[in-house]
Structure formats: C-alpha cells, structure tokens
C-alpha cells in the first residue's frame, strides 16, 4: 500500500516565482520517480499581488484536480502576507510550515499558532537574503525549495538542485541552486 | 519519453511532432502558452518549414488556417473562450468547407462577466458547428488526442477541436509521456487533401448553395460525424497499439461494472471523479463513472449501451444552457430516450469554481438516494443568490448581477443603498 | 502608372489597337487572355465589378505565369460568380467569409511558403464593404504582417449585394437604402467615409495603387507592377454599379471615367507609403458631369437643387486635384 | 479534381448558363459612312485607304484610293478637300489632313512606279471627248472595266484645266504628266488637236459603242466696262493657258485682276511670279464672301498680292482704272456708294468665270442644253441621246477638279452598265457616322501635321511648288489621326469592355463577332466603341 499524497501550498506575491517554485518542486519529485502535479492558483494577478501555487507529490498517478485545500506543507515566501491573507487555511498541526524571514517566528506574531506544530515542522529561512547573495536578485523561491527539502524530506536537495538547473539553465540556475543548498544546510544545521 | 512538463508545453510539443505546415496564432488566456511554445519551436527550426502567422484576432487566426488548409497545408491553431466566439463565423466556415484543421481549445468561461477561468461554455457554444470535439482528461490525453486529431481530421476532411481544460490542464505541471517523433510519423501520414487550391488543377471552393442542395450538403456533413463514430474508436485502438497506452475513443467507463449510479463528465474533472468513485466504492456504494471523450460526434449508442445497467445517471458538466439546464445532460437523455433511467444534472465548475472531491461525493451520494434536485448547482452560494433575488423582488428590476453579487459577498466596496444611481 | 505608348490613333486609351506592338497591348486585347472570370456569371448588365475583376485577375494571371490562387470575400462578385452548380472562375479560387479574405489569403500564402512553392502567387479580392468595413481588421493585419498577398478592392461604393446600403466608401450625398434621399440633408452624410488606399499607405506596405475600370492600361500596369513585388500590396479599383448608382448599364465606363476626370477618384500609386506617381487628369470636368447621370444623386438636381452640397463635392474633387497634383499646370 | 458536393465547383462551369436570354436589345456590328467619304465628290473611300496607310501599307492604301480616283498626287495638291470640311476630327482638335496623306500616297506611287492593270477586254469601244480631269477619269475607269477607250482632245496635251487652269506652283507638271502617263499605259488611246464636231458620225466611223463628253468650260465670261481709251485687257483662262503652251504672257509691271475666285488668285500670283511689281485683285464684295479658298487668299497675300475688297471697276482710261467703293446691304449684296478712286495698272485680267462651248452638241438629237449653257444629263450621266454621256464642268454641278473626276467615274460605271444592257445602281449608302456616334475620348491627342511651304522670297520669283509634301513619318502620323468614323479599326474596345466576355476576337483583319449565348445586351460595347461601328437593335423574338 502506497503512502498518501503529499500536498504543498506556496504563498507569495506576483513576481516572486511562486508558480515556478511549485513547478520546480514537481520536477524534483518527478526526478525521484514520483508522480507530481503542480499548478498555480489560476488568475490574472499582476506583480505584487498575493498569489498561490500548489504541488502534489505521490507514488501513484495523481488524478485529483482540485486546489490544495488541506496542505501538508505551507511555504510562505513573503511574511507581509501573514496578516492579509488566510494563509493557514486547511493546515493541520501535523503539517510543515516554511517561512521566508531573516527574523524569528516570535517576531511574526504567530507564535501561538505555530506552537501546536511538532518540533522542526516550523522553520524560517532568510531566503531573500540568500537569493541576493547567490543570485543577485531578491527571488526567494529556489532557496525555499532547498529549505522545503530539508524540513519535509519529500524530495532530496539533489533533486531540487537539478530541477532548478533545468528550469534556469546557466549562471542563474547555478546561483539559485547554491541558494537552495545554503537554505537546506541552514535548516539542517538548526535541527 | 517521460517529462514533468506544463500541459501547454506538452501540447505544443505534440503539435510540433505532427509537423503542421501553418500555425496561425493569437494570444488568449489560458491557451497562450501553447502558441508561445510553438512560436519558439518554429523559430528554432524544429517544425520543418512550418509558417507561423501572428494574426490580429482569433477571427483572422482561423481564417488564415482556412486559407492554409485549403491550400493543402496541415494547419493548426488554438484559442479559448471569447476567442472561439470571435472566430465563430469561421468555425462554421471551416467545417462547411471540409477543411481538416486541428484547433486546441483551452477551455474557459465566456463573459460577461469577463472571467478567464475554466469551464466548457466556449466549446459547447460551437458544439453544433460541424467540428469534431474531443475532450482530454489529462495532459497525457491532451497530447495523445492531438496526434489522433490530425489523422482523424484528415481522414474525414473535417476539422477537430481538442478541448483541454484551461489552467487545470494547460497550466498544470505533470508527468507526460512525450512520444518519439518517429513514432508519431509512423502513426500520422502526410496530409493528402481531397481538394486543394492548385493552379495545375483549379477548382472553385466555397460556392453559394441554395435551397436545392443545402440540405444535402448539411446531411453529408452530418454523415461525416456519423463516420467519425466508427473512425474514433478505430483510431484509438490503432493508437493504443502504436503507443502502448489507451487514449481517446468515444467514451471511457471507469468501474461501471454493476454500478447502479453512473457519473458522466467531460475533461479533467474525470480525474477527481475517479478518486471520488474509488472512495465511494471503498465505502460500499455502487458507483461508477464514464468519461465522454467525444462530445461531437456524440456517442448515443455507445452511451446507451454503457449505461444499460445503470439505475441512474449523474452528469457533471461545466456549462449551462441558460433557460434549459445541462447541455451534456440533454445529450445524454437523448442517448437514453425511451428508458426510465433518471438523469441528474450537476452544473459545476463554472468560471473556474473548484470542483472538489468532497462536493462531488456529496452530490453523487445524494443521487444514489434519489434526493438530488435536477439540475443541481454544485457549491452554489445560495446566500448570495437569495439575497440578490430578494433585491430583485424588492426593486422589480435586475441590475448588474455580477457586481451586486460581489458586493453581497463583500468582495467589492459596498456602497450604501441609494447611491447606485437612478432606479425605477 | 500609365503606360503611355507612342501615338497610334488610340494607343493609350483603347483596350488594344491593331497597330500596337504586342508588348504594348493590354492583356485584355489578346485572344490568349485567361478570362479568369468567364461568361455565364450572373452579374447585372453592365457590371463594373465583373469587368474590373476580369481585368485585374487576368493581368495578375499573366504576371504570375498563370500560377495564381484567388481568395474572395463574400459579396456581389462572389455571389454572381459561384452560385451552385456553376462557377465562372478559371483559376483556383476560394471563398470563405465576408470579412476574412485578407487573412484567408495570408493563410494560403503561408501554406505555399511552407510547401516551398515560390511560383504560385496569391490574390485576395472583395468589394468595398468586405474590404473597407467588415474586413478592415483582417486587411490591416495582412498589411501589418506584410503577407505576400495582392489585395484588390473593387469599390462600387455601397453594399450592392444586399440591396444598396451605405458603406464607408459611399460618397457624400449619395442615396442608398440606409441613407435615403429625404430630409434636410438627403443622401449620405457629408464628411464621413474612409480612404483605404491612404490607410494602406500608412502601413507603409510595398505598394498601394488606385485604379479605374475606365483606364485599362493604367489598371493593368498597376496590377503587373504589384505582381512584380513581394509582400502586402493593395489596389483599389473603382467599379461603377448600374444597379446601385442608378445609371444606365452602358454608362459604366463613362461614369468611371468621369469620376477620374472630375478628380473625385484620383489615380495614383505609392511605394512604402510614398506617392510615386499620379495619373494626370486628361480632360477635367466639373463634378456635376459625373453626378448628374446617376439617380443616386438625382436629389441634387431636383427642384431648387442642392447647390451647397454640389459645391462641397466639387471642393472634394478640387482638394484631390491639389493633393495629388492631378492637373499638372495647377501644381505650381 | 474530385471535390466535395456543391461547396466546390468545376472551373468555368458557368459556361452552361446562357445569360443571352437576359437580353432585350442586341449589339450588332455595322459599317457607317464616314463623313469624309460622304463628302468626297470623287467618291473616294477615304477612311478605308487611311486605314491601310495607318498600317504602313502604302501601296494597299493607294490601290484602294485609285479604285475611285486615278489622280491622288494631283488631288492631294489641288482638291479643295470637302472631306476635310466634313472630318469629325475637326470637332476634337483639327481635321485629318487627308489631302496631305493622299498626296504622299500619290507621290509614293509615282516614285515607286506602281501601275494599274486594265480589266479583261470586253470588246466594247468608248469614245471620250476631252482629256480634262473628267475625261481622263472616265477613260481610266472604263479601261479598268475592260473597255477600249479613245480620247479625243482639241488641245495639244492632256490635262484640261489641270494643266491650263492650275499654275505649276500648285501642281508641278511632272506630277500631272506622271499620273496621266499611268492612264495612257493602261492602253488608252489619245488623239490630240482633234476637235470632234459631229459625234454621231464619229461613233459611226470609229465603231464606238458609247461616248463620254467632257469638254469642260473654257469660254471666259466677259463684262462690259466703259473705256475712254482701251487698256490692255486679258482673260484669266487665256493667261493661264498661255503659261503652258506658248510664251509667257506680257502682263506689265502693274496688273489688276478683276474677280474673286480661285482663278483670280491664281492669275495674280502668276503675275507676281512673272515679275509684276504690283498684282492687285479687285473684288466687289468682302474677303469672307470671296469664292476663292481662304488658304489661297492667304498664300497670295503672303506673296505680296494686294486685294481691294468692296470695289468695282467703273471705267478704264488706258492705264487708269476708276473704281467705286461698295458696301454690303442687309441681304449681303454689294451696293454702290458713289465714292470713287483711281488705280494705275498696265494690264487688266478678267477672272469672272467660264462658259461651256456646247456648239458641237446642239445638233445631236436628244441632247438638251440648259439655259445657262450646260448640258443636261440624267441620274446616270446620260444625255437625252442613248449612249451619249456627259460630265465635268459642262454639266450642272460644282466646277471642281474633284467633281469632274467623280463624274468620270460615275459615267464610266453607267457606261459600263449601259454597254451590258442594264443600268448602274449604286449600292445603298450606309448611314452616316456622325460625330455624336463616336466616343472621342479614346483618340490620342494629336495636332494636325503641317506641310512645309516654300520660302516667300522664292515664291516671288519661281514657279516652284509652294506647298511641300509630308515625309513618310509625318504622313503615317497624319493617317493615324483618322478616327475611322463608323468603321471598325480593331481597337479591341468591345472585346475588352464586355463584362460578360461575350465578344469573340477573330484576329487581325477579321474584326469581331458577338457571342449571343452570353451577351446580356448591356450596350457597353456600343458606348465605348470609339468609332461608332456597333449599334443596339431590339430583340425581335
């Protein structure tokens, strides 16, 4: 009996690579021989608007076509969304939360909410800073995927790096892969 | 070759492998990524001598396709929604002229209110235009149907729409087995038109036909659709043999053996539906599903046979014939004419409304106990509707429905009453 | 661009002349002409469009060495030439819709290019309604893409096929079914309409010309010149309609001639948006000479007449003459 | 190609649809009578020979021309060309210079030595009396018809008034001689200085089957002017005749010519050439009323001839002439004013017209002489005596060379018919090609060609030809100015302008025909035919 589908929801703003992030995550899973499905919260959002994307990972064919309402993991690319959008809808306390911030959870005002999660399921990573450092642009998506690999174990860092390089050939891909690796190791080191 | 790939890109790659000679394209969400992908491939020289025409409208897109096809070129275009309506005149014209154009429809709702999200209103509006309409459940099937569509179109000299759910499929990254170009070449021979604009053998195409022959012309077009009822399963079988996987056909039953309740749907919702069937079967309920791949021609006999053992039929459809109800359900009722089998209509997913497994399960369950109203509007916000209806009753005049509803739902600024402008 | 031949009694103006060298004769003068639009069509007696179409397509056929595909917009020309079961065309010909001929032709051209057929050329044609009104978007698109198509508009100045309704080419004061000759300002409204040749020029396509069914040498020279070029080309041909204009069938060419000679229909050609040649007026006439034989203008001459309107129409002609330098001595 | 039912059609299949049944009127081709032909006293088919000349087929053109007139080189010089007065082109720009082309063709024939074969021998003999233009013309035409012809001429040379009435500077004698010689070469027998006095006797002895009399009008009219002392008075006919036969007449330094016709002009101009310092024409009416052709008056004035209009000579006193001024009354007649002047002159030449010498005819039974001294003939040019025909200046008609030549032709045809025991009925004339039947738009703008003229200085002292001929290029150009009124010249307009493609072009020289299967009867071909060679006729069924 195969295990149940793993569902990820990524929140961010238009221009932050939210959709690419879901796509790269699905590619990483595909590279490991898994079935995966990535899709955006379809819309006509422009730069800066709140956006979502979804990714499902499974060992068998994924037939379900509905948006991810009850994610197993939530990736939050922009903390400014925390109090504007119902980010945590459908998230149960067994899930994972990965938040892009250079600060700590306490500063975000969600301490009470995250306290219910198992240890290590809620992590922050300074993805924007890592992106600036490795890519030269404040695009946190790749770094967060590295972090996701670290907290969830659903995909390996290797696969994430390969997926990133596939999506962004050349120096951009390399920089993003490095940012992902840096995030991965930063979280690993926090454990 | 397996790829984790966006649906649009997969379709673009499949189309490219079919070696179209002319592609006419106009952007419209959610179809756009397909023609963008093809534009790149044509520019890179990956599609032979294919000519890519950036037209100024969908009307021009299909018109250019008509010209190209009449000149003997394998021709492709794609559109969605308003775009399909804008080319409506040409849609009928292409089929009337018997031109085997293949067109992808990235299915999307039709405004007003403008809405870029998925439903099947666009394809349904052209269901009786003389084109064949094949609906894909997955991106794999979308790829496979395009390959079959060119052969089918050219075999019968009739245009084919391959309907792919906008966003849900077109924008979804998933695993697709992209066929080998040689494999496609073997399956799809070169285009040999039955008529072509040729200076060495000129003809006049597109005559004006009066009452003395118009009925016959229409009958013959209908006859082609009837021929397609045989050609489509044969093609699917041939495809399965060539590519080693099932795709296409007229209909595809899922766990219908012994099912008392059979749920019918077009397109991608069949995936969710299958999950729901599995769940309900696991729960001991006698439920099955049938995917209708070919909406035109509509497989009346095949459905009647497949539904012979069903006690009831539920049609989940992403369209609404205003003033009537379900379009697919009406067609299904025709398949079951003379039988007492109840057919429930579930109008779902209009304008991109999510169709969740939970909701599907709920309405199917209601159907199994024959407690489902017909038609049923899946996950309709009755509070919003009732509130607007109450307002109508109060003011005896309908306003802009969409705006009022959004206000009701608190999604746009709510102005105090009395500031909307003059009322009766 | 007139092909002026040396003095031969009637060299430049008649269709042919036994005295002319073969290469100076018109296509229409030859027994070998293609008769692309042949006998048995159902155009009205004295139809200018039927004539213009044969003139233009035959010339194009010769220029294309008989390898030509025509795309036809819906309209009179289409209806009278191809009612089932008979076609009057003698070349590969396709009719699709009213407003899409330019796009269909673009598709044909693309198909030929895809197939590596560099010999076969594409011509699209339609009336003024199909071209200037309903088909204008597609036409502009064709110009924009510089598709390798010669588009010919046969301008008879209204929707004749449907019973003479106003188009954007209907001239000021003309009576049509939708601009009846009643009220204070009878006929078509002054100051409306569009000039597709000038708009085509604004696209800076390789070639734009106006021509008249009254000047065959000029018309054929322009078609031939256009066919010698690639890319999007546009020729606008004035073709009187006895039905819609209320004129005698035998006056079709005379009226076309008077339109040119009055200055109301200037003949010129342009390359890449620049006028390169004009056909001068030979015997200038007042617009009244042109208007009077047409019943669609009868209200201008009835009772008190419409002196102001006539003056305004004359002013239009005068403006054309100034603008294009149609009367050489008036230019300086 | 196999193609779908109904929506695709075979090319050209509309040929099955015969739209000819739409027609209520049908176009038909016809030849109309061009006004030039209609006006030509010699009955030349001018349009036809111009048509050939347009193609550069000068011999062909010439042969069409001489079918009617054996003297193209002469007529191209001296005919007053009523054809040009009638020419429709005059309403567009200027008339076609028909005479100039005719002259070119005539000169070309002389230059190239083109000859004419007589017709097959009929065994009939015809006597022609008078070797003037009419007699020569009759002789020529009779020979063409195969009859044996003898010409009896009282004078020493053939030519009549061509030689004795028209000065050399208008008609060089080598030209005249050349064209006469061509007639002689056809086997016409000439007997000169042999006046015929008794026609029936001559017929009898000569075995002539018919006679054509054309002795002209040679008797100068005279007027009575009171003379105190008679001065030197001559008549114009004698002066001009003397120019040809004997010594040039002695006219003196100052010459007055009395009269207003072409002969008066000719004499005045001759006088200038003979050295007169003053040649003055006195005429009692205005310039506009002068019978002389304007171009001759103009040329005369150019050469220094003086003309006193509105004067009559009232009295002669040796070299002093008293003239009275005249005025024109309301009805156009000159009236005396009572104002007098005197003119000094050495010679007075009377140019007041000529009468016919009909003495030898008066005794012929059946021949009627009219009051004004001319011989009456019927519509067949025959006098009251069967077999005796007459023409030229001696019968009632305008007295011009061309009329005379026309008479010769007409008489020849009638004689020919009479000899065969019948009568000559000319074919009915076609309807006239009036200007309003033309579509003048189509004709290229082209001004009339100008013939070169001899310098004034040389005209004063020599008898060199005043008006030169056209060179080939110019003659061709002029020929091509012809509108071809009423006669198809294969411009292809009908073939081109038919919206129904229902004109069949039969190829060069064969014109066109209508395909009535498809012709809808719109009439565009008629409207756009430049030359009016098509007309619409009602469908009869």
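Read from first to last, the chains carry the letters A, B, C and D; within each, the first residue is number 1.
As a convention for this text, a contact is a pair of C-beta atoms (placed from the backbone, for glycine too) under 8 Å apart; a residue touches a chain by one contact, two chains touch by 3 or more.
This is a predicted model, so every value here is computed, not measured.
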TODO: Work out per-chain C-alpha centres and flag the one nearest the whole-protein C-alpha centre.
DONE: C
Task: chain C-chain D separation of Cα centroids, rounded to whole Å - done: 50
Task: Between chain C and chain A, distance of the C-alpha-averaged centres to the nearest whole Å - done: 65
Open item on the list: For chain B versus chain C, what separation do you get between their C-alpha means, in angstrom?
Closed with: 44
- [ ] Please report how many Å separate the Cα centroid of chain A from that of chain B, as a whole number.
- [x] 33
Task: Multi-partner residues of chain A (at least 2 other chains) - done: none
Task: Set of chain D residues in contact with two or more other chains - done: 6-7, 9-11
Task: Per-residue multi-chain contacts in chain B, two or more chains - done: 97, 198, 202-207, 209, 213
- [ ] Report the topology of the inter-chain touch graph, choosing from line, ring, star, complete and other.
- [x] other
Open item on the list: Touching residues of chain B toward chain C in the complex: what are they?
Closed with: 21-22, 24, 48-51, 53-57, 59-61, 63-73, 75, 89-90, 93, 97, 197-199, 202-210, 212-213
Open item on the list: Which stretch or stretches of chain D touch chain C in the complex?
Closed with: 6-7, 9-19, 22, 54-55, 441-444, 446, 477, 480-482, 484, 489-493, 495-502, 505, 507-508, 515, 517-518, 520-524, 526-528, 530
- [ ] Show which residues of chain C lie in contact with chain B when the two form their complex.
- [x] 66-69, 71-72, 78-79, 81-85, 87, 89-97, 99-100, 102-116, 120, 137-138, 140-141, 144-145, 147
Task: Complex contact set, residues of chain A against chain B - done: 22-23, 26-27, 29-31, 35-40, 42-44, 62-67, 69
TODO: Going by the contact rule at the top, pick out the chain B residues touching chain A in the complex.
DONE: 2, 4, 6, 29-30, 116-118, 138, 165-168, 171-175, 268-272, 274-275, 352, 354-357
